[in-house]
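Take a look at the following structure, please.
Naming follows writing order (A, B and C), and every chain is counted from residue 1.
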Amino acid sequence: MNYTLKNIPERTVKPRDKGFTMVMDKGLSVRQAEDLVETCGDYIDIIKLGWATSYATNNLQKKLDFYKSVGIPVYLGGTLFEAFIIRDQFDDYRRVLEKYDIQHAEVSDGSITLDHSKKCEYISTLAKEVTVLSEVGSKDAAEIIPPYQWIELMQKELDAGAWKVIGEAREGGNVGLFRSDGEVRSGLVQEILTKIPMEKVIWEAPQKSQQVYFIKLLGSNVNLGNIAPAEVIPLETLRLGLRGDTFDYFLNGDAKL
Amino acid sequence: MNYTLKNIPERTVKPRDKGFTMVMDKGLSVRQAEDLVETCGDYIDIIKLGWATSYATNNLQKKLDFYKSVGIPVYLGGTLFEAFIIRDQFDDYRRVLEKYDIQHAEVSDGSITLDHSKKCEYISTLAKEVTVLSEVGSKDAAEIIPPYQWIELMQKELDAGAWKVIGEAREGGNVGLFRSDGEVRSGLVQEILTKIPMEKVIWEAPQKSQQVYFIKLLGSNVNLGNIAPAEVIPLETLRLGLRGDTFDYFLNGDAKL
Amino acid sequence: MNYTLKNIPERTVKPRDKGFTMVMDKGLSVRQAEDLVETCGDYIDIIKLGWATSYATNNLQKKLDFYKSVGIPVYLGGTLFEAFIIRDQFDDYRRVLEKYDIQHAEVSDGSITLDHSKKCEYISTLAKEVTVLSEVGSKDAAEIIPPYQWIELMQKELDAGAWKVIGEAREGGNVGLFRSDGEVRSGLVQEILTKIPMEKVIWEAPQKSQQVYFIKLLGSNVNLGNIAPAEVIPLETLRLGLRGDTFDYFLNGDAKL
């Protein structure tokens, strides 16, 4: 840090198992990726190339080379996995991971209907080759999964070999964990946490109010995802109690660190 | 593309008459323009320097030189044309196009009152010198033009020499084709399409839900405009059925390609 | 300017006492800062490193060096000042300003409770060392300060040595001067202006509708703040009556220049 302030919440450091930040890159140039790392690379634990943007991005190999050179792992969005599965191209998907030397993979079923035992099979197959993140929660705003089922799905996916499970929110933060207006489904989150350890979950929380909610509930070192590149530093200040929204909370001494 | 997926909608290639994307640059630096072209230059058919931002941008000549060097045409926003017209400086406007070697021009009347035969005169005069895009629809949310009149205006402007007509939405996507909350005026759009061929229209659609609407209605190769630089790759994935919002649609086999 | 349009509102030039633009940098890279200055450096009068983002930004010294090299002053957000004060580290705060050779400072109490005479003391102490901007208005949406009290606070802070006073809006533009939906508290603004000269106030106005409101009320050369980097050129066109929202207003000849 650039100067010293007393009583700042302690943050975990890389490699983080909790308190980590997953950033969504939906088409950065190499230079923009460099800029991001220059300003806040220490706070970026993993980068997701959002949904299938990697398919349509001209500079993919160069950008992956750059992220590798600075030690930040990258994975491809779950919608891309689903695009391969629905086309019966699972092996082609694995070859893409191999071709680009990608060490993490997301398994999701937000846009397709996938038998859950089949989903868990994909998780275990991939878990032998890469680190798997699996995602729970539909991208379809109309499909509401009850809490006990979220928990059951998450537990089975962890058992199948997922490193962490992701609570779905989409780029906009208006499905899955959230109501269509972006409000957190708070009862759902709290019920999940009675059964699944917080370090095993990454909460997609693209909107500031959502980040504030999770930090107030679970402390500075909650795992958050779908953070826009320009919001990584602002999020870090929220985690540290150095922005209006979380300022009081940490000073009151009831922060969960 | 970076890898192969089966059954991807076929996209037109440059120079595109349909399926093209007009991007709004409201003040990019030369480096940011280079970054944009690096990641997704193939999908950018034309760049609009939004409204009169070209007047107040310090690096105008250099940026135009860059866009020319990569073969992407540029035009100046319609509000700038109107700013010259209302000041009785039409000839000065033509000299600006000549000075900067700009080969496209927009003729619009979103902010001024212009007799329609006079507007068509400007279109024909300019059409002798450059390629003209003409815009229909007021920037004033209170002024609602009925569908039959949109059609009549569009047809006359095409007859006067416009290459394509633009359906107005402003940067925010909340006037003209859209209600103030951004919802598409769907009856209007469908009625326009009974008379005007879809390849002659560019629909301004800055919001994702608006892009999804037009892609579902008219297929991957609909002409869309006022796309923000960071949204060009996301839009391309929507066109390809590789984002949650259009994923089902293309798989169902009823995509209009 | 790149070409000549008649009857353009006259703008003040640097160093501006009125008509100035305060831009919020919440974590730009050095290259992004260079890009900003390339496209619109003439319109940027001062840069605020938003709230406490300077604490968590890796490239702070280099970026400050760059801004200094192009003659644009920088200050640190008021929330950072408050973070030092609440920890009883005022002298440490002054050492930070000295260490980084920062010549402006913001004194605010948006997130802490601070006796007003104590706040004025901080203003006078700092005013002996740097140029002080002081901010009035809580970041807490629930706390409504009546107009007469805004005026009293502003006047006392100017008397204590503040160069200018800032009307609070936060990055989102939804507290202080604004209702939670972003609408201007118009009666408040107009009452303030009966007592405080407009050149002594900087209005935080991150949203376009807010910028339009102040330009229509006070003319091109109103002092505006919390402008996002990508909105500096768009704001300049609003000031010049060259965007739809202010186009009519200036042509009608009733612009306040």
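The rule is short, and it goes like this: contacts are C-beta pairs under 8 Å (C-beta built on N, C-alpha and C of every residue); 3 or more make two chains touch, one makes a residue touch a chain.
Here's who's who by UniProt: A, B, C = Phosphosulfolactate synthase.
Note that this is a predicted model, so its numbers are computed, not measured.
K.L.:
Quick one: compare the interface residues of chain A with those of chain C and tell me same or different, with half as the dividing line.
P.N.:
Chain A and chain C contact each other through largely non-matching residue numbers.
K.L.:
Overlay chain B and chain C by their C-alpha atoms and let me know the rotation angle in degrees, rounded to the nearest 5.
P.N.:
Nearest-5 rotation angle for the superposition: 120 degrees.
K.L.:
Which integer distance in Å separates the CA centroid of chain A from that of chain C?
P.N.:
Chain centroid spacing, chain A to chain C, equals 34 Å.
K.L.:
Return the residues of chain C touching two or more other chains; collapse runs of consecutive numbers into ranges.
P.N.:
Correct list: 31.
K.L.:
Please output the residues of chain C touching chain A within their complex, sorted ascending.
P.N.:
Residues 26-32, 50-61, 79-80, 82-84, 86-87, 89, 92, 96, 99, 110-112, 139, 170, 172.
K.L.:
Okay, in this complex, where on chain B does chain A touch?
P.N.:
Against chain A, chain B makes touches at 1-7, 31, 34-36, 38-43, 208, 230, 232-234, 236-237, 240, 242-244, 247-248, 251.
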